[in-house]
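Following are the structures in question.
Look for chain A in each of the two complexes below; its partner is chain B in the first and chain C in the second.
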Partner chain A sequence: MSLRSPLEGRGMIEGHGGLRLIDLTLARRGGLRGSGAREWLLSQGHTVPAAPNQIVASGESDSVMSLSHREFWLLQPNCGASSARPAAVAVAAGIWPLYCQHSHAWLQVAGEPRAEIMAKLCGVDLSEAAFPQGSVAQTQVARVSVIVAAHQDQDGRSVFSIFVDQSLARYLWEVISDAMKEWLG
Partner chain B sequence: MKILTCPLNGPRNIAEFTYGGQVKPMPNPTEATDQEWAHYVFYGDNHIGVVREWWMHTPSGYWFIVERHNQTDEVMRTYDPAELFDPGSSPATEPVQADP
Partner chain C sequence: MTERLPLPYGSRIKRDTPVSARFDGRELPALEGDTVASALVASGQWVISRSFKYHRPRGPLTMAGHDANTLVQTRAAPNRLADELPIADYPETTAQNLSGSLMADRSAIIDWFGRFLPVGFYYRAFYRPFGVWHWWERMIRKAAGLGVANLSASPHYQDKQYLFCDVAVVGAGPAGLSAALKAAEGGASVLLVDEEPELGGSLTYHRFAIDSDAVRSEAETLIAKVASHPRIKVLTHALCNGWFTDHYLPVIQGDRLFKVRAKSCVLATGISEQHVVFRNNDLPGVVLCSALERLLNHYAVAPQGELVVLAGNDQAWMTALTAAEAGLPVAAVVDLRDAPDDAALLAEANARGMTVYMGATVYTARRDSESQSLCAVDIHHIDSQGEVGELIAQTDCAVLAMSAGFMPAYQLACQAGAKLDYDDGRAAFSLSGLPAGLFLAGSVNSMYALDAVLADGRNAARAALRCIDMTADEDESVTCAAQVNHSWPIFPHPKGREFVDFDEDLQIKDIVNATRLGYRDVQLVKRYSTVGMGPSQGRHAALPTARLVAKATERTVSETGVTTARPPVKPEALGHIAGRRFHPHRHTAIADRHAAAGAQWMPVGLWGRPAFYGEPNYKQRCVAEEVTAVRTGVGVIDVSTLGGIELRGPDAAEFMNRFYTYGFLKQPVGRTRYAVLVSEQGVVMDDGVAARLAEDRFYVTATTGGVDRVYREMLRWNAQWRLSVDITNLTAALSAINIAGPDSRAVIEALDCSIDLSADAFPYLCCREGDVAGVPACLMRVGFVGELGYELHVPSLFAAALWDAVMEAGEPWRIKPFGVEAQRLLRLEKGHIIVGQDTDGMTHPSEVGLDWAINRSKPDFVGRRSVDILAASAPIRQLVGFSLELTAPKPLEGHLVIKDGDIVGNVTSCAVSPSLNQIIGLAYAHPDTANPGDRIAIRTEGGVLVQARVEGLPFYDPQNARQAL
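Right, the complex of A and B next:
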């Protein structure tokens, strides 16, 4: 059985200033939690952030996001999602898989006004000065819990990747697209 | 909006947090009497002064400890539970001093 996105059929929204909202829910991501997760990722050849709440590029198109000293997500936007659930057994001693492929939807906002749009919805200052590339915020957007990561996509554009519980994906898509309205043609 | 400083995520709106009760020693569940367990579950100190409390930053699911004056609502300090329960271990994050 293949995975389906809760945002299926929403397509893409584009506006002025390179503004773009897309659904990456079916792109691959996986997570690890445990005291040895950092060392395990390093042993697999990944680049790992030095501190919690950061995101770094790893390899040609992957990114590694740290949510604490013990929790990491590997984002692989160029790969399709695997429908199989990760095994409920340790990856290595004390390192456990996370179900972020199945638990979270992945939205991405690109374009110059992205921080202004998010300022309508989020209490954390996501402007470039306060929230530079490589920053991650675990916070609330429009009152729902999200993870926001500032990084570059595979084409070198500055983007916000936003991860939200799958059940709230449609709601978040609606509120972000509503906040984008003044920049739409 | 009140601001609380999460040791992992930094200063955030209080709406992002969930209160988890007083920090108090848990009796051994297999050995405690019903009375001891009920006291642990249902009773708490009600003095005025600095109290030690569990709080969770909801978006990250991160539990931490707050030392707060329950009359003035001044937060003295927030820190990772490892500092209290597992000294010497690597905490999920470094402790952060609360904003003055």
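Right, the complex of A and C next:
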């Protein structure tokens, strides 16, 4: 049975200067929550951020994002989405898997004006100076809750990964594309 | 049309780019870069508009968009300021607020009857004799308003954007430039905002010194440095329209409202030049000195005819020099003082052969009847404060440039809480009491000499840097002793028409009379006379008003004060405030399939849900067909909007037991239970189905609109209880499909299901996990619609594919998708309540027959105490089922239930049941009439009372045999 992104058919939006909006919803991601989640990830060989609201590269193309002292997401853009239901049992005592593969759509904005684009939608300063690579913000964009992570994609480009409730993915795609228009020529 | 002055005059115009424009239907030659006003003056026309009350001809006063004299009508909107309206963007404009034509306005007759229309006359004139108001109202409504709104104009795109910076500098004149550069050199990110189209402010038109070359060179260097500095972001043509707490600045540029978040802020907003109050000071051709300088330097427009300069300070003499250099014939310089502060100015004027009158004023301006503009001025000696002596000269002139002094552009500072102080000795204002992080620079800070202005800008930047913990060098010592304000530039004339406020046509007597009527406070004078309420917001009227009120009430200006400044600084369009509007909307993962199947959508919170499938005109038939499909075959509905929350951990059952009313500790794995949540006040908050999937794992559903609150409450309570349970909201992660009807089991079996679906292995109210069509799924046997049914909860990314598989597998049984309308009808037939529809903010469980869902043997649950108290008190209403024949008027939800003339309840649900062939519904009734067979009176449309029969619930399949198949 095939997995379908809520943004199926939207394709990709590209503009000048490397500006790009893509849908990575079908790329793999998983999450863990619990007091021992950090140690468990370390024991599995992952690199883990030192503090909440940070993202670090782990391995060749993976990233680990911390949303609190006890909640972490593992992002694997080069892998396809897992077709299994998240394990319902604890991976270790008090450490529970999260459903972020299905709960959140994954949008990615690349290109020079990305912070300006987001400034039309978000009250948090996402400019490089205020929101450097490795930063994560759990905030509101265009009146909906999102997670924004500033990091590098596998090609070394600076990007914002934006995670939003999958039922709001189309809405967010619409507003981001609208905000991008003046750079699309 | 006059020839434009040669370079370097005309910094804003492109001489080789003519613009084809029209004003009031006439051709108006113009150049790109012109405003409508500059093009009109260049063409020899000073008259642009008619005044608000007396319909007097008016022309530009400031050439900066700071007065209402240039209000014109564009195609799209009225009340646009011609002196800031780029003619290239608005090539067609007309005059407004007139009857007839601009030069022959019939309404100008009002000017002749002005003595009968004193200030505030409308408060006292229109209500006597009784009933006359209705006659006046028609007249007033016809006369009210300026211009014509274009009701067919289509809205255009306007949006908002945040901007962040360390230091925001408002005003890009010399002080602002200096402050921005210093702050940026100190390492700060700087936002520099100015409403003019270029950097420089007064440097672009004012000479500052007799030798203007040195100033020009210094200005060019400064502007170039700022423009090229990597840490300075420049916004020109951008209006900072307010100051809000923590330096939150709304800045309007074009169609965008920037919401600026600055760590600190420097206000270099400059000053507003003040006019001299004398008879006919509003004639077209009478301008502020800065307006003439702008015409010359920005637009290369040298107005025709001779010029008289009326000076209250040395700056006006600079204007005379600038005009003379540009070739304007200067007929006279009239100084209100006995001598200029800088004697070199007098020497320079004499050297240029100008006629100079000292200690004199223009007492009357005279109007040319043809052009309706200035043609001459009467010059009198000043005998004492506001008193004139003999006529010295009557001088022909087409232009009078005046400057009585300057008022700080205090609006933003005062919005921030600054106090405007007046020094009666120096006749000057100053600002004090600024909030932390806000600093003044330049002329708004009473610095007028260019060197002092620049140094003050640097000092403000240093203060801003220190404020945000960045290092700055030592402050420079700055003083400025220049006196720029004349203490009393007001000269009453026996025949009046000495205007204090041009926007509102207010003269000296209007202000004075207001004080005589008892309005001694300047705020009351403002409200009574409307002084300062026009588009210029008191920029020019505040100071003369304060002086007049002070004199009339025998106080000083410092005691009188000025009126309060509030945002916005200048008028702004509602579209800027609205901006690009965000309306979040949620789609289930199956939304495309519904659309393809002809769904008619209905909003449920942020969600869009299919109400039914089919043509909107055949709604009832479509819904009936969907109901029939579920009752007789199989239907499928997308219930992904239902909330889903998972509780995992050793204390999951204990948490459920404390949170919901029912007992959950002994709930077997693989079973579901109805879960009711009440508030601490005992009110029904939400309901759902709790499935125990493992000893330490529950999956509980919640209503579409209630899940966020339920989840929030769960987290809140567990923060107190500190149980070992992980709570996760899976509403988005899991999608759900309800397959219902006698054939539902067969359809799922056809889907390659790994679960034994037989009634024995998977009975009613049980739950199972397994694979359906290759998709990992949690199945629950539920009976919300009263038929054999299964809810399939699957990871959302699989939902669309699963829906396709279900529709394909169900083809042999003619499976039919059904919408919310059919679902609500089906559940009504089963007598199931919907929380939020059949309950309200007062409903407790007993009222809706949910006593059975309360476990009173367990120690406690949220809301237990209140539920017990409510259950022990005498009931006042009861939710009952009722029925009516199809021929009866159908009650609507909300219709009242009446007993003995009193309201005892209301209808909460009502529909025509195709299964039962009658009208059925739920309503709150008096407990005395809540038993099956009782009658309740419902007041329907038009007040018609119908007697409905109370029925036992459920209406359909009372033995619940069908759902337990």
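Methods note: the second predicted complex is superposed on the first by the 185 of 185 C-alpha atoms of A that agree within 3 Å, B and C clash if a C-alpha of one lies under 4 Å from a C-alpha of the other, contacts with A are read in each partner's own complex, and residues count from 1 in each chain.
The working rule: a contact is a pair of C-beta atoms (placed from the backbone, for glycine too) under 8 Å apart; a residue touches a chain by one contact, two chains touch by 3 or more.
Computed from a prediction, not measured in an experiment: that's the story for all the values here.
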Which holds for A:67: it touches chain B only (first), chain C only (second), both, or neither?
-> first
Which holds for A:170: it touches chain B only (first), chain C only (second), both, or neither?
-> second
Touch check for A:35: first (chain B), second (chain C), both, or neither?
-> first
Is A:81 contacted by the first partner chain B, the second partner chain C, both or neither?
-> second
Check whether A:15 is in contact with chain B, with chain C, with both or with neither, and answer first, second, both or neither.
-> neither
Applying the touch criterion given at the start, work out whether A:139 contacts chain B, chain C, both or neither, answering first, second, both or neither.
-> first
State whether A:53 touches chain B only (first), chain C only (second), both chains, or neither.
-> first
After lining up the shared chain so the two structures overlap, which partner does A:147 touch, if you call chain B first and chain C second: first, second, both or neither?
-> first
Between chain B and chain C, more residues of chain A are touched by C
Which superposed partner A:116 touches (first chain B, second chain C, both, neither) = second
Which residues would you name on chain A as touching chain B in one complex and chain C in the other?
-> 123, 143
Residue ranges of chain B in contact with chain A within the complex = 1, 8-9, 12-13, 15-16, 57-60, 62, 90-93
Where on chain A is chain B touching in the complex?
-> 35, 52-53, 67-70, 123-124, 137-140, 143, 145-147
Interface residues, chain A side, partner chain C - complex = 1-6, 8, 25-26, 33-34, 81, 83-86, 88-90, 94, 96, 98-104, 116, 119-123, 125, 127, 129-130, 142-144, 165-168, 170-171, 175, 178-179
In the complex, chain C residues that touch chain A = 159-164, 189, 259, 261, 580, 582, 584-589, 592, 607, 640, 648-649, 693-694, 697, 724, 726, 728, 730, 732-734, 769, 773-777, 795-802, 805
